[in-house]
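Please find the structures below.
In what comes next, subunit A is part of two complexes: it sits with subunit B in the first one and with subunit C in the second one.
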Partner chain A sequence: MAGQLTPDTTAPSASPVTPGRRTARTPVRVLARVGTVLLKRAVLLALLLALVFGTVEMLPGDAATATGERGESAADLAARRELLGLDRPVLERFRDWMTGLPTGDLGTSARGEKVTDLLSTAFPNTLLLGGIALLLTALVSLALGCWAALRPAGRLDRAVSGTATAVLALPEFVVAVALVLVLSLWTGWLPAVTLTGADGTPASWDMLVLPALALTIPQAGWNIRIVRAALADEARAPHVETAVLDGLPPHRVLTHHVLPGALPAIAAGLATSTGMLLGGAVVVETIFNYPGIGSVLASAVTDRDSPVIAGVTALSGAVITGVLLLADLVRDTVTGARR
Partner chain B sequence: MDLTRRQLLWAGGAIGAGVMLTACGGSDEEPTGSASGDSGKPRKGGTLRVGALGRAGAITRDPHGSQANESDYLIISLIYDTLTVPGTKPNTEPRLASDWTASKDLKTWRFTIAKGAKFHDGTPVTAEDVVFSLKRLRATPAGASRLPGIQAKNITADGDDTVVVVSDYANAELPLLVRLTTFVVPKGTKDKDIAKAPGTGPFKLDWFRGGNARLVRNDDWYGGEVHLDAIEVKIFESPQAMASALLANQIDVASNVGAVAARTAKGRKDVQTVRRPNDMAMPIVMRTADGPFADAKVREALRLAVDREAMVTQVLSGYGTVANDVLGTGDPAYDKSLPQRARDLAKAKELLKEAKFDTSKTYELYTTEDISGLAESATLFATQVREAGVKIKVVKQESAVFWDKTWLKGDLYTTYWGTNDSVVFFASKTMVSDSGQNEAGWKDEAFDTAYEKAIGTADATERTALLKELQQIEYDSSGYLLWGMADGIDLAGSKVRGLPTLPGYGRVLLEGAWLAS
Partner chain C sequence: MSIRTALRITPALLLLGLALAGPWIAPHAVDAPVTAPYAEPGSAAVLGGDQLGRDVLSRLLAGGRDLVLSSLLVAVLVTGTAAVLGAIGAVRPIVGRLVERTADVLMLLPAVLGILLVTLSWPGGGRFAVIAAAVVLGVPYAVRLAASAASPVAATGYVEAAAAGGERLWYLVVREILPNLRATLLALFGLRFVAAVYLVATAGFLQVGPQPPAADWALMIRENSSGILLNPWSVVAPGIAIGLLALSVNLAAATLAPQTGRKAVTVL
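Moving on to the complex of A and B:
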């Protein structure tokens, strides 16, 4: 994809910038921008984490009752509460947890396991699954979106857009259950669930196929529509019209004139998908028994386990921030180049 | 179905002499296959892949911690040994304790450690190791309920191979209690090293990762021959995924997978269904202390209004048996001579009238979706008693809310228990006036007296007679409506043999399993 992003020298430029000035200013500007954005996002993340602690606090019951055993007396519960530090005010617990964060200490779960241990294999696994799904989504939506755009308002265009809308409305669990039934239990082509090997990762690569597809299909539906709409918008731009009038072949117009301008919107769409992919992972991981953070998060909520929930939030937040930042940079680069 | 710590713990704590009862239950409509039987001579070798339920966030490696996950409990049980284990008849069999004797007053119990018992690193097990482990267990937040009536200072060693446990009161069932979570680790094991502590069990830990583990045979095990080379435990969050894995031949056993999965697998010839009777009780609790159900006649009326057969067929998909309102159905001393209560709507209405029960009001029945079938049982029950004129609205609560707000306090709610092989267990935990978990707020002097006499009587015959008296009182007037017992259900591939058929805790005893070639 990066190869297509080379500055488009044929594009009409409203405010030409000399090459020399651009190379001198851009890195500084980009760095400053990255810095401000990171700072803003860090503050946002801290607020979000405070919200997480506050919300867990408001849920009925607490980690002591949720992880206790049926035979425990009030005194046992009080002891457990003290052990977990739940007798201290929520603000104090939040402050303690936050001060550990910069050093990579995510605290201890209500069952006494280190949160970093709980997440150390689960989180990379989710990133792997989400990454594959994001990549597949990008490829599928770009390919189909462009294909449809080359024949605007044709039968194919209508078919792609229609299917995309239908698929986008499908919840992940419906897709997942259908995939298991058809591609595993009936045909026996692929494993039905993911089993974990000694290193904590899926025992074989083919176990990634079904969960990745279950995540990709609804997201592809969403992104195809974005790609198609962005291409249609850009196709109306004057420079595209010039290129068409110059008699350039349609695919060249698409790759050199339409696509670069549409990229910011496409990147933003994919960035939004990252959050949805991580959210969908909770459902998909359960159905495929995939060893990711989805199941960790779900059980942590049941257990009212604030350190674990906050840990998952912090990591997911960092990833989403990173991806959004990338999308912003894509926009900056493209619009910067065109300014 | 969502697995919870409570189900796990109590199902896990459970045992199984219960087979007795259901063994006479007649013919099942489907063959249970050979997974549970001893067909043929065991073959040595092979790796058994077992799926077990668990939540990734609830993993624990501590054998004395609170094990919410079946997967953790299974792994820990295969690596470490408890003093005793569940059996068929009697319900308590030797394991790390090869023998035990009680003083005349049933307060002082002496457990002898099995000859040749060694830790996986080769060190022999001493009484000091057991004392250390029991004290460590006692010091956990749930310690007082795990070793009831036993103070840490009253656990001592006498020589190298005898452990002396003194109970605060006479307790004929102490050997049964030490079946539950008395896993033994070497003396002086530090908390931070607990996950690496060697055990004495039939399997040694090869690796553990995120709830998944590989265990290899302990060739030096004192307890007998182990056939399998290795057991791989796979953690599953949902029974559906576990059933899919079994159907796709990715695992050999789906442990405690439940009735829904069994129904799914029914048409498959290559899948064996193992039923472990008396596994789970899900009684309805009616508050006796006060409120609309305080009158014994009202409780009797509800017990007569329920259609037990329909409950078993619909709620448990037929994987269960009808019960008779007495808890502890798997106990060898369970009283089968009590007349089976059947549905009698006319009598129920009459009793309600006599008790001047307000049938114009709608009563709330609280339940959770902690275990499969629980909320369904409440809904069906509400439909059934409407025919007797009692209007009930089912209120589903989220698990944490239920245990915090309703349990032990509500007028009418569902509950569940996995230790079903002991009448005394339920009496001591939930029915004696001063019991900590008196779910129905029941106080009955005659019952308390009968209980004290039974638990303090060493002679088995005499004790059985006393337990009969106790069960009669419970049958007549307790706050429980026990309509049926759910089977524990495992699914297994066609090659698996020698799986346990005991309910509750019995399901983790996999050392006898083997794979046919």
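Moving on to the complex of A and C:
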């Protein structure tokens, strides 16, 4: 059975300690390393933005035709196209869009509004919801993953892993409907819809509970498995074997010897979850009427407004890049410390 | 196949069969009102009526086929593409690196946003746009698994011998490598089917896939959520259907997966 906190002498060493390259960690080297990671992530983000812009351009239909009224003349259509700048060459518009991004200009929606204005209150609200869900996911998956790892192959381990596997496949909107039904309509404990206060944020904290739970449950299922697998992998390392033979209590072996080595894999798993959380937030916000990008996207769906979607995708891509960068740095710190 | 394996696959097969055969055994037409809007369950409709008084049970039976068929199509296309790309990448490292870089970029695009982006930029695409987007977004994740399974096979003596003997790339991929990946590809297919159910259902819920008169589980949840207090079954029944489909297929996929157990496999 995979994943025991006892040393497995037959398995080859799975330690991440890389032989050679025992150079001192001078500040210059650290800076160079951070710079390379930053540059790589920036290039990937730029490529994604090009891809997003290209998708919107290549596929048939544009913002002008999408918002067109029935029976509109070709001249009106051409006029609105000119107004939205759609008659200019693709490369020129792409350059404008890309150079506008760093200054916070995400282009113009099909209805002629600045995409930045549409998203300026909505996106922070979504980040708040997604941030809470990510934090909850991290806490729940670390706690349950470690708890299960302390009793490998036991009944508890099987129960936690089984439940995790079961919930990770559930779409967020199914979880959300179940939560609304049980925690709101039947028991009346929590509000089923989010009311928006005067400043554009949710009116009270308890309105965040159900949306955050609906996002957390599938992601926690997913991350518990990652935590469990990473701990099991790390438990085979020689230094863990030594710690166990030294007679250290299991929880100390876990916190001081297994967990640090497993952190890069856990951080990478949580970083991957960020994209799922942002995508899921769009769905969950629609159900709870939460004032985030979900509601903006819902009206964009009716308007067939792809510039708005492109803007949201660009912002999400930037957030995910940032979180992946953090995961990169966790990995570098952990493997660097071992060197 | 052991009895235990068979038992774990049976629920998924039964549910898939029911979803596929559902439209033929539905007692009422899916688009004709038979009760009052949001009528409670009664003799006319076992699960009550929906927001237009249509029979929830009939719509439930009819609403799964397109979801299942679309998801199957996505899973087949993703698994097939990933298998071929992974095998080519194992023989030709340049292709492998290119595929990996593309996957890195697409990782930054949340799948739900990607689906919205494609379906909205392609208004006439309908269900086909959802399927196309789900395939494009699924391949990067699947390629990693296929490639990691293909590279040890490509390094074996007989494949190297065949390559040295001047066999063409296509022959190496189709005749030498892919047949050895059967177990991995079967597991990959299961996982991609789970992921496809998630994406196709979510697209339905966001109303970019099937359009309103159609019976579709995800769409039913969206349409009837305002009447959840009057007739909870109009929302709960399709919710349970999607939940059971995801759970049972996931259980079957986990059972069929080769028991290496060490590496967690990315599902979505």
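Everything that follows uses one rule, which is that the second predicted complex is superposed on the first by the 296 of 339 C-alpha atoms of A that agree within 3 Å, B and C clash if a C-alpha of one lies under 4 Å from a C-alpha of the other, contacts with A are read in each partner's own complex, and residues count from 1 in each chain.
Here, a residue touches a chain if its C-beta (ideal position, glycine included) is under 8 Å from a C-beta of that chain, and two chains touch if they have at least 3 such contacts.
All figures in this text were calculated on a predicted structure; none of them were measured in a lab.
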Simultaneous placement of subunit C and subunit B on subunit A, clash or fit: clash
First, second, both or neither for A:272, with subunit B first and subunit C second: second
Touched partner set for A:121, first subunit B, second subunit C, both or neither: first
Partner chain(s) touched by A:137 [first = subunit B, second = subunit C, both, neither]: neither
Subunit B versus subunit C as contact partner of A:108, first or second or both or neither: neither
Touching partner for A:199 - first (subunit B), second (subunit C), both, neither: first
Contacts of A:76 with subunit B and subunit C, given as first, second, both or neither: first
Touching partner for A:219 - first (subunit B), second (subunit C), both, neither: neither
Contacts of A:232 with subunit B and subunit C, given as first, second, both or neither: second
Which of subunit B and subunit C A:317 touches, first, second, both or neither: second
Common ground on subunit A, meaning residues reached by subunit C in one complex and by subunit B in the other: 59-61, 66, 180, 185, 286-287, 297-298, 300, 304-305
For the subunit A and subunit B complex, residues of the former touching the latter: 59-61, 65-73, 76-77, 79-80, 83, 109, 111-113, 118, 121-122, 180, 184-185, 188, 191-193, 195-200, 285-289, 291, 295-300, 302-305, 308
Subunit C partner contacts - residues on subunit A that touch it in the complex: 2-3, 44-45, 47-48, 51-52, 55-56, 58-61, 66, 165-166, 168-174, 177-178, 180-181, 185, 222, 225-226, 229-230, 232-233, 269, 272, 275-276, 278-280, 282-283, 286-287, 297-298, 300-301, 304-306, 309-310, 312-313, 316-317, 320-321, 324
Subunit A partner contacts - residues on subunit C that touch it in the complex: 104-114, 116-118, 120-125, 194, 197-198, 201-202, 205-208, 218, 221-222, 225, 228-229, 232, 235-236, 239, 242-243, 246-247, 249-251, 254, 261-264, 266-268
Of subunit B, residues touching subunit A in the complex: 4-6, 9-10, 55-62, 65-66, 68, 141-146, 148, 207, 209-210, 212, 214, 234-238, 240-242, 244-245, 247-248, 250-251, 398-401, 403-405, 429, 436-437
